[in-house]
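Pasting the structures in now, so scroll down.
What follows is subunit A paired twice: with subunit B in the first complex and subunit C in the second.
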Partner chain A sequence: MLRSATTWLLVGQRFGIAAITLVIVSFAVFFATELLPGDVAEILLGQAATPEAVAGLRTAMGLDEPAIWRFLSWLAGLASGDLGMSYVNNVSIADMLSGRLANSLRLAGIVTLVCVPVALFLGIASAMWRGSVLDRLVSMLTISVISVPEFMVATLAVLIFAVWLGWLPALSYGVDVDSWGAMLRAYAMPVITLSFVVAAQMIRMTRAAVIETINTPYVEMALLKGASRTRMVLRHALPNALGPIANAVALSLSYLVGGVIIVETVFNYPGVAKLMVDAVSTRDLPLIQSCAMIFCFSYLLLITIADMIAILSNPRLRR
Partner chain B sequence: MSMSLRLPTPARLGYSFNWVGRIGLAVILFWAVIAIIGPWITPYPTGEMVDFDYFGPVSQKFWMGTDYLGRDILSRVIMGARYTVGIALAAVTLACAGGVLLGMIAGVMGGWFDTLLSRLLDAFNGIPSLLFGLVVVAAVGSSIPVLILTLAAIYLPGAYRFARALAVNVNTMDFVTVARARGEGFAHLILREIFPNILGPVLADLGLRFVFIVLVLSGLSFLGLGVQPPNADWGALVRENIEGLSLGAPAVVFPSIAIASLTISVNMFIDNLPTRIRDRSA
Partner chain C sequence: MTEPLVCVRDLRIGATTDSGRKVEIIKGVSFDIAPGEIVALIGESGSGKTTIALSLMGHARPGCAIHGGTIRLGRHDVTGMTERQRAALRGTEVSYIPQSAAAAFNPSKRIMDQVVEITSIHNLMPRAKAEAKARELFRALALPDPDTIGSRYPHQVSGGQLQRLSAAMALIGDPQLVIFDEPTTALDVTTQIEVLRAFRSVMGQGNMAGVYVSHDLAVVAQIADRIIVLRGGVVQEEGTTEQILTAPAHAYTRQLLDAFEPVPHVAAPKTGAQARPILQVDNLCAGYGAIRNGEPAAKILQNVSFRLERGRNLGVIGESGSGKSTLARAIAGILPAYRGNIQLDGAELKPDLAQRSKDQLRRAQIVFQLADTALNPAQSIETILGRPLTFYHGMKGAKRAARVAQLLDMVHLPNALRHRLPSELSGGQKQRVNLARALAADPELILCDEITSALDTVVAAAILDLLKELQRELNLSYMFISHDLSTVEAICDDVLVMLKGRVVEALPAARMSAEAVHPYSRLLISSIPKLDTGWLKGLEQDPELIALFARR
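Moving on to the complex of A and B:
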């Protein structure tokens, strides 16, 4: 397939918008964590905050500089991988994050692998047999999962699998897993919970995308010519729904970002989100900034990818 | 089309709701009433330890059992309704009022104002909602006004985007052009021509946003960053009593049911609104 120059221009423009958005978001994060709370030096010193000590610490930390300058140097630090030091235990944030990030990404990766096939199958099937028992059952289940908070899905999973059935441990420690069985047991609960949350979104969006293509005249024509329902969906509708479906998959994966915050906390999973929630309770602002930027970056990345797929797969969006 | 500014109540417009929508509405009204009359109907003071045992079972004395300190869950759920429903309602009102007003102004004005505002608010949509809450609470601490403002700020961009799209559509219609030709002022255009014609979809959108806000608020409280003890909304009640899960205590079940009943019934109500209300301007 040939993509015209305008397509690439549009794609480049999307990337540009994403980059600008990232800068605005980072400014918002910086502003909220650095300027709103008041004097950081005073907070850090607490009881020992004599005027001299505060002034000394302010100079040492570079808090005397104008806010915009501090923002720019923070941004430059982020870009070059220098994330600064944690307020609480004076460890470099990059060191604290490295292992955690791998853990979170592994969790997200496993969830994606579990979710995508299941969600695509159920979404397409319920669009194919729209109004059937399967469709109504799936839609009821997905609506219920979407309308309750993530922690309730987690609580319910603990109640069923750990308390009633006793199959799995209620807590997970994703660190020392020596055998496949142990790993399976450690990851099972967070993965099950997150998969439910993400798959529910994905199924609904996939179903909507397929139904939208089924409602077009050419698919109706195929049906009128005597094509079976399966053939109508698989041969006529699905190839044209691939773009919207891929878009739906990328978009619903962005729900991982919110879900992972709750799930890692509930199951004590040593990931970035757990680190961030702990940092909020100790008010470790530099650590919060870095974690927040990681989440915003992945969220924006997924949304931009979804956008891109939509543009590349649908010529009408390129006008 | 020439609807004056009156509320589109079903009776006046001849709409009928199906039974799923009616059940949804009944549950919503139930919680609204509970939230209002809460302090007068709690069987026990919410902060008082009334049971010798913790995580007590459902009994004649304690209809929903007792919590981890031996406090009455029924009373705490009733008072929790005030926090959950109250905060979410205040936040969603602020978010939608602000979003719709800005959206209409941007939609009618167009030009650089529209572009600038749209880009800026789109950028804020690039922050995941729970994360936004986490960052603000980390920075300024958690109190009820902070929660309301934060939740409103999180959902304002979405309300803006929705209202702007509707306003742009209505703005091109003949009766608006006629009104403009008549020499009506900007305020008249927005309030008398545009607003009544986007009201239906905007109200439906408000309902959905209310659900999102309830979910994020519960999530924040569940993380211990929302409503602070000794007060508790439903999310905080789940958090407090999560330890009772393995003991099979009812303490964690009832607040969960309360959240689910509210969010699911709002969804049921909105999903089953007569399409003429939901998509009137389309």
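Moving on to the complex of A and C:
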């Protein structure tokens, strides 16, 4: 299908807005971390530090420069790919992050591959046969899954599959993942736990979006043209529900990068979320900021992609 | 006599309300339709006319179910069929033309895909043949660019065109019965004519039978052979169109016919030219969108001027998009005018609502078209009416309660309604509350924006009577906006005809039909359907005028 220039203008605009948001967010992130209680120099030197030593270290680390100046130089660093050095162990933050980010993305990727098709299928199916046994079963399951906190799901999974049955390793990392089977076993539990949380939300939102379009006059019209239920939903309702569904999926997925701290902790999985929490306890400001920026970036990216799908799937927006 | 095509016997349809209560909405309806005959189902909202029409396709809206009776269509017993068998019937034996084609076309698919969809659902013919047939139908329905219109999206064609496209969509499967569900209600009068003509010509050629659902007797008179009058799910009267129009037997039918021809309004005496008008508008310009150099991006109103004398009523007529509602919003200050002058009783009104004094706000009130959206659904009638009393007059407690009772009495509603929520009232009652809220301010001028358009004819006529009565008692002046000429004739002294944001003609209401000179006014007046079966056939309009003014 031909997309006109205005459509691409609209898409470009959306990207521009995302970029501006990112700058505003970076500002907020930087000054929010400034507000954290405790001083890096004091923490680094321990309780026995003399005030002179603390002052010396602060000067050496550049902490006594004005905040706005430090923000600008940090932003310039970010833009050129230089995330700075960790305060705590003087390692390049890019090095610290790269491995962890790869881990997080791998986990998120696997969960996405498992979750999105299942969630879309169940969401659409339960909307299609609204009020049926399948719909009620799915509704009941999603509500119970949403109501159970994820640490509970994670802990129970470990208790059942690792401790009682001994089928799966309790820790996901550190086991050899040289074969497909081993990898499947290593990732099974975190993926199941995360899928529970993420898929439930997606199913409910997909169902709601599809039901809303099913209730429109043009879907009734399709029914009155003799269309089957499947055709009605897949050909008429679904294309118009694409925008809201993409948004629901993006919102759920954005949780996978930054919001998985509990799962990472329970399964001792070295991802970005755990890195950030560790960084907070050591007041490693550059690391906290970089992690926060990664979370915001992935969130914005997902939402922007969802917006784009909404724009491209709506002929009224691509005049 | 030939075997009837459709045979409905003792049809009963029940519905379950949101609160779980079961009600019967169709209470034993029976009728026949002969092959090639067009039967109209006439009735007000809630009479069950659409429900009956849909049941002929074996369809009941969610919450409704066919409880009893039989529907026979040709050789098929629709009531005894499975859903799958009914689906096979839809589009091939019986098809549907919806009330609002704009809502019934899928916004994300091209028109041609939707028009030929019936042929692919039922495997009637190959795609290329179906498209050729669709183009033929487009031609028969007098659609512009019949060869390319199919490749557009629904939002790219006008409302009248969409309505004709929906007819093409219904006719592509050569059905024996076509159901028209108020297909012209949402259209402007000048557009309606072309759509009705197109329907008439294709129905005449194909020897198809039709069911025409409508609340408008004049429209039905042009197209139906027989009329069935419904009320509350029961048939009141059945007869040929001529018979129903000229010799109605049932009291309710007579009431419907009477509501169609309202008592002509006796014009209020003209006060001298020296007297101060209650409202004077000079060169008013207003529009929407971002303001650059003091002018908005989309200019709607352009140099509108008029004067309304105290105690008289001004009608503003025009089709959708003519700027008549924008005019009311600009005078009320909701949409600040960017140029021009508004004077209320000789004193200048600031364009923006926020800069007007409380007393100025009190003296000019606006009543909106849809009481459903204008009344807060979470507040009781007493709270709704009490708010302006406290705001404008500082009334509280017993005094306020007494005034609320008075206001309800003025609009002929019982005092017991004060504790109800808007959702617990009927449409006509809600519109009365809407009016009472404006009266609470003790206004001198009321801007009525299409306040009878969403109401049934009989209810609307009662609201007009109420407006006249209130005017006599309270010395009010109305600015009455409507797309319906007969409503305007019934209540107004003077009329402004609007087109594309400009006033094209101003003249006395009583002599409107006879004396209008502007070609657009003439076109508009001649487009109003008359209670005469030969009206559409005999109607001749200048094609040049139509090309110039009607947006078909």
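The criterion applied here is as follows: the second predicted complex is superposed on the first by the 275 of 319 C-alpha atoms of A that agree within 3 Å, B and C clash if a C-alpha of one lies under 4 Å from a C-alpha of the other, contacts with A are read in each partner's own complex, and residues count from 1 in each chain.
The rule is short, and it goes like this: contacts are C-beta pairs under 8 Å (C-beta built on N, C-alpha and C of every residue); 3 or more make two chains touch, one makes a residue touch a chain.
A quick note: this is a predicted structure, and the numbers were derived from the prediction, not measured.
Touch criterion met: A:Pro239 reaches subunit C, while subunit B stays clear of it. Legend: residue contacts after superposition of the two complexes on their common chain; A:Pro51 is shown touching neither subunit B nor subunit C. Of the two partner chains placed by the overlay, only subunit C lies in contact with A:Tyr218; subunit B stays clear of it. By the document's definition of touching, of the two partners only subunit B reaches A:Ala32; subunit C does not.
In the superposition on chain A, contact is made by A:Gly226 with subunit C only, not with subunit B. Among subunit B and subunit C, the chain that touches a larger number of residues in subunit A is B.
When both complexes are overlaid on chain A, the residue A:Pro315 reaches subunit C alone and has no touch with subunit B. Across the two superposed structures, the residue set of subunit A contacted by subunit B and also by subunit C is empty.
By the touch criterion stated above, subunit A contacts subunit B in their complex at residues 17, 20-22, 24-25, 28-29, 32-33, 36-37, 143-144, 147-152, 155, 158-159, 162-163, 170, 254, 257-258, 261-262, 265, 276-277, 279-281, 283, 285, 288, 292, 295-296, 299-300, 303.
Put simply, subunit B touches subunit A in their complex at residues 119-120, 122-124, 126-131, 134-140, 211, 215, 218-219, 222-225, 235, 238, 242, 245-246, 248, 252, 256, 259-260, 263-264, 266-267.
On subunit A, the positions that touch subunit C within their shared complex are 216-228, 231, 236, 239-240, 313-316.
Contact residues on subunit C toward subunit A in their complex (touch as defined above): 54, 57, 59, 61, 87-92, 95-96, 98, 100, 103-109, 117-118, 121-122, 153, 155, 169.
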